[in-house]
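Quick heads-up: structures coming right below.
There are two complexes below, and they share chain A, which is joined by chain B in the first and by chain C in the second.
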Partner chain A sequence: MKETIIPIGPFHPLLEEPELFTLKVDGDTVIDVDVRIGWNHRGIEKLSQGLTWDQVPFLIERICGICSTSHPYACVLAMEEICDIEAPPRAQYIRPVVAELERIHSHLLWLGLAGHFIGYNTVFMWAWKYRELTLDSLEQLTGNRNHYAMFKAGGVRRDFSQKAMDFTMKAMDETEKATKMFLGAVLDDPVMHKRLKGVGVLTYEDAIQYSAVGPTSRPSGVDHDARRDDPFDAYGISHDKGVWKAIVLQDGDVFAKAACRILEILESIKIIRWCIENIPDGEIDAGVKEIPAGEGCGHYEAPRGEVFHYMRSDGSNFPIRHKVRAPTYNNLPTYKATCPGAHIADVALITASIDPCYCCTERVGVVDKLGTKHILTQDDLTKLSVKKTNEIRRKLGKTTYDPYAKMI
Partner chain B sequence: MADRAMIDVLKEKLGSIINDISQPRKRRIYLSVDRENVQEAARVIFYDLGGRLCTASGIDTMPGVEIIYHFFIEHPDYEKIMVNLKTLAPKPDLITKSVGAVFKAAEWIEREITEMFGVTFEGHPDPRKLLLADDWPEGLYPLRSDYPQKDVEGFEPQDVDEPHPDATHLL
Partner chain C sequence: MAFFYYLIFPGFAFAAIVGLLTAWFDRKVTARVQWRKGPPWYQNFADVAKLLIKEVPVPETANKGIFLLAPAVALSASAMAAAMLGAANINWDYTFTGDLLVLWYILALPSIMIILGASASGNPLSSVGASREMNQFVGYELPLVIAMATVVFKVGSVGLGDILRFQAENGPILYSASGIIACIVAILCLQAKLGLVPFDIPEAETELGAGTFMEYSGAALGAFKLTKAILLYTSPIFIITLFWGGIQVKGLGILWAILKYVLFIALFTLIRNTNPRLRIDQAVRFFWVNMTILALIALVLMSLGY
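Moving on, here comes the complex of A and B:
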């Protein structure tokens, strides 16, 4: 059997981060994949062990620009576990609002990029347009569009103003409308069905074997969610009252992963509304002075899956060990299970953060069989696109998102 | 919902090999086993009790490198709880058994602990480097407490000031 090795990365103009994927292919089919990381290793764990407890959340926030609430959330939960305290009630309602807004903006960002990767730039434009509303809300509530600096051990740093909360409620109405539009327009699109269904299936057994987390494993039928299973702050109460639920789907393909994320946006909106409506008055900080000796684990369900922090204190000013585990660390190795057998063009989609140039190239000049060149105008392309969509729609028969629509 | 406490289930299933077990707070269990028994304990927690491996942490302590495997039990028949399985790779050899040989989720993190602390995991299916550079010097482990803070002997970063011969026309 002939094998060809195709390296993707580590530095490629279209990769978001340096990662090296070595694909072993036979013809167009991927046989094996090897992932190599480490080009972006910044030694945050080592740095954190040289900072005081107060400084740690600021460093941890900078692990990721998108998950800049999830990491501090898990980190302060670990610190609070060592101290054996809880945040005051008002802070317990402020934290989920910030964290869920972050989930919405992260999922919309992913949805836009996924659309971009498969050459569906309308989705990209829409998703990023509605993401602005969420970022505006975050700016009103916390003062920053990103890196909110809200979290500290024992509470939050700033209070919400009533004006900002009203703004957020209005923004959530708009976002809900837009999300439902996505659910209809994106998931009902025959092109999306054809492109995403049955691609990169992660089976339940593989999800368990690799301990995959978050929207990578939940669409494969793994029923877990750190917010529900290990309740903290307002998440436990709101889940018990039936405000929200963890989205668990069964197919495990890229389509189910997209659907899972869109449905999670709707759940996040419910949590935000409930928290803002029921927010109690009072203190926002428990006033932690010292962190005693001990060890603590904190985990939080970030947009990409569970974030895990382990901290150990010897009673001094600094943590003596701070272990950080981001969700992608557990999710990346699942490529070994999902990529083999896939078409090489699907690898970009399966990895979802990889090279769009295998996916789609827009053609403007067309050379026909006789060798004559035509130039197509935008109108021609639109006509061709509509014609093609209708053809696919006819071939597929009736497409519907009913199974997912029932879950709203 | 479970009718038996996880700490009792663990004592029953792993009774003979547990050195120490405690539940300091709600939904957190810490237990420690000898390095010879870590594979068996991990197998029971992962396969029989439905524990998802969150990650593993290495900590440089006086007697050796302490390794903690953090599991979260997600089996529908048991209560949802975090089980932290501790073992020790004693100095000076720092050898322990590989849990990556039992299930795949532990492969990457054990590769990382090998690089960062110099622990050898016996029976690891893929003991390559994961995070550090290929030219990282032998015997230098960044997360050990004796790691030198500056001027590492024998480690010269590659000289990047000299342009590549093919790129001289750009200057």
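Moving on, here comes the complex of A and C:
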């Protein structure tokens, strides 16, 4: 049989964001897959270098609408490493609550989408219905349903009110019930088993080799969680007290990934409850005035995996370099291991199973006419710019006076 | 008279109106299950009306004749099926020997036309959809025929009128063990014929982006939508006719008939809302192994007199 190329994307009902999967198929079986991103570049890293330290977290939140706390979390941890300070105790308990609520809403969102991808629209609607509770809690606690604007270097911007915390505790009870319902009714459904088990298996070796992170790697047996392995804020204490644990499963298939996420929701609920019950009184802001020269890294276990931020300061108002590495960047190449040999019908599910977030991931990249992809360096960009300038000069003709022509 | 039967009642016009209302009922119930509001009752009529007045672009790669003929044939076939079933129910003598077999062929036509139209469109995703539709078609026809054979052997005739008369005299076929099993098989096969979850594999919005219907728009798509609506009306009537004594128009019979009809529609809706989409190989295995065995059990039970 002839090989057929089936493009999924760049704009496709399956995808919420623009990206292109080129599937080489033989009949209904996928032989190879090529993933191409680069439709969504927004130049966040460059923008960040033009903002003051205080403004950066607001911008970083907008990297992703779903991980809108994970990115600022990693970012302020990087800033705090430069300053060599820690947030005050109360802030250290406020941060995990916001971040874990975000994890719950992200995982419920994923669960709904996964249901939609396999045509189970009831799960889609139900998961999103219960997600509302989490969003309501976030609204009560932070004032925003999304983009909470809570994080700053050395603390948080707003305190929790007792009323909001009570509301959250109630909402968590409901969410726990709903999550257990999903765990029972959805994951024990025999038709679901048929669709999810043994599909898109990512082996332990592949997970290590492709450097997969988060709920893409943990179901493959990779025991890694940034919150536990490099403890910060209230995460370390709560884990030592046995409040929560990292979910590690062994099968590596889509079913394990779904189960891992649902179980993580339950762990997140435990963290939130513990933090709210044990929250100390006191300041919420260390009052950082200046960021000294130096460099710092911050990483946080985002819902999709470890997110990493690197920042460098020269003691001025602005970061002079800000590098973001989103978890999807690591997880995307695992398609090469999981998609070949799969049925076309499963590819939608496998690609969704890493919970990809392209707007987090996009960095500079161009696709030339032959279809080869390059990553542009600073030199390349400068060369392109010079070329364009020369082109404009040529069009304008020799009459234009240009004092800088000789310098280039 | 035949034209009136075919075009107005109980054929095309009636079946289309009831079918679209049924599709609305299905959507509304689905919406309520999913905590949504759901569309107003005229939504499907508005959709089809809007589609019918729109332009019909034909892709350059398509075989124009087959591409445009397919929806027309599918629509007329489904209207024919509705007319035959309705006519047989209204008057048991309005039948001929072997019309059940003819009906079976006519009910197969829309699926075949969908395969033809999708293949003619020249779109790779459509052709994947067409190949899936073909696999699924081959899958569900076998158990469906065996389930129908259970009824036919029990009655001893291949005429719709005879089946209805037999049930009027001896009680509905559904009230026996073999009848129940054959009816379950028929319901699941028709679920696949209607292309509802878990058997919406050829369309698979999130995998193939409407698959078989991808290149269709305007009146051609409207014709397919109408076909689906008419089939949604025809399928429960088909099951009721074969297994549950058909529709009695006299007196309270009409109320009872509506109850039966709504019950089957609710069953279709329930199945479609509590299952994820199967993969094509799983669906074919489901029909060829599970359903066929079940249908054969029904056949054996029937021959033993249960």
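Definition applied: the second predicted complex is superposed on the first by the 349 of 408 C-alpha atoms of A that agree within 3 Å, B and C clash if a C-alpha of one lies under 4 Å from a C-alpha of the other, contacts with A are read in each partner's own complex, and residues count from 1 in each chain.
Please note the rule applied: a residue touches a chain if its C-beta (ideal position, glycine included) is under 8 Å from a C-beta of that chain, and two chains touch if they have at least 3 such contacts.
Please read these numbers as outputs of a predicted model, since none were measured by experiment.
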First (chain B), second (chain C), both or neither touched by A:221: neither
Per the contact definition in the header, classify A:340: touching chain B only (first), chain C only (second), both, or neither. neither
After superposition on the shared chain, which partner residues are touched by A:89: those of chain B (first), chain C (second), both, or neither? neither
Quick one: is A:236 in contact with chain B, with chain C, with both, or with neither? Answer first, second, both or neither. neither
Which superposed partner A:18 touches (first chain B, second chain C, both, neither): neither
For A:10, decide between first (touching chain B), second (touching chain C), both and neither. neither
So which positions on chain A get touched by both chain B and chain C? none
Residue set of chain C touching chain A in the complex reads 30, 33-36, 124-125, 128, 131-132, 197-198, 200-201, 204-209, 273-282
Using the touch definition from the top, list the residues of chain B that touch chain A in their complex. 25, 27-28, 30, 52-55, 57, 59, 68, 70, 72, 74, 76, 80, 82, 84, 103-105, 107-109, 129-133, 142-143
The answer for chain A against chain B in the complex is residues 36-38, 41, 43, 45-46, 81, 84, 208-211, 213, 222-224, 226, 229-230, 295, 297, 299, 306, 308, 310, 312, 320-321, 323, 325, 329-330, 332-333, 336
Inside the complex, what are the residues of chain A that reach chain C? 4-6, 12-14, 25, 27-28, 115-126, 129, 189, 191-192, 194-195, 343-348
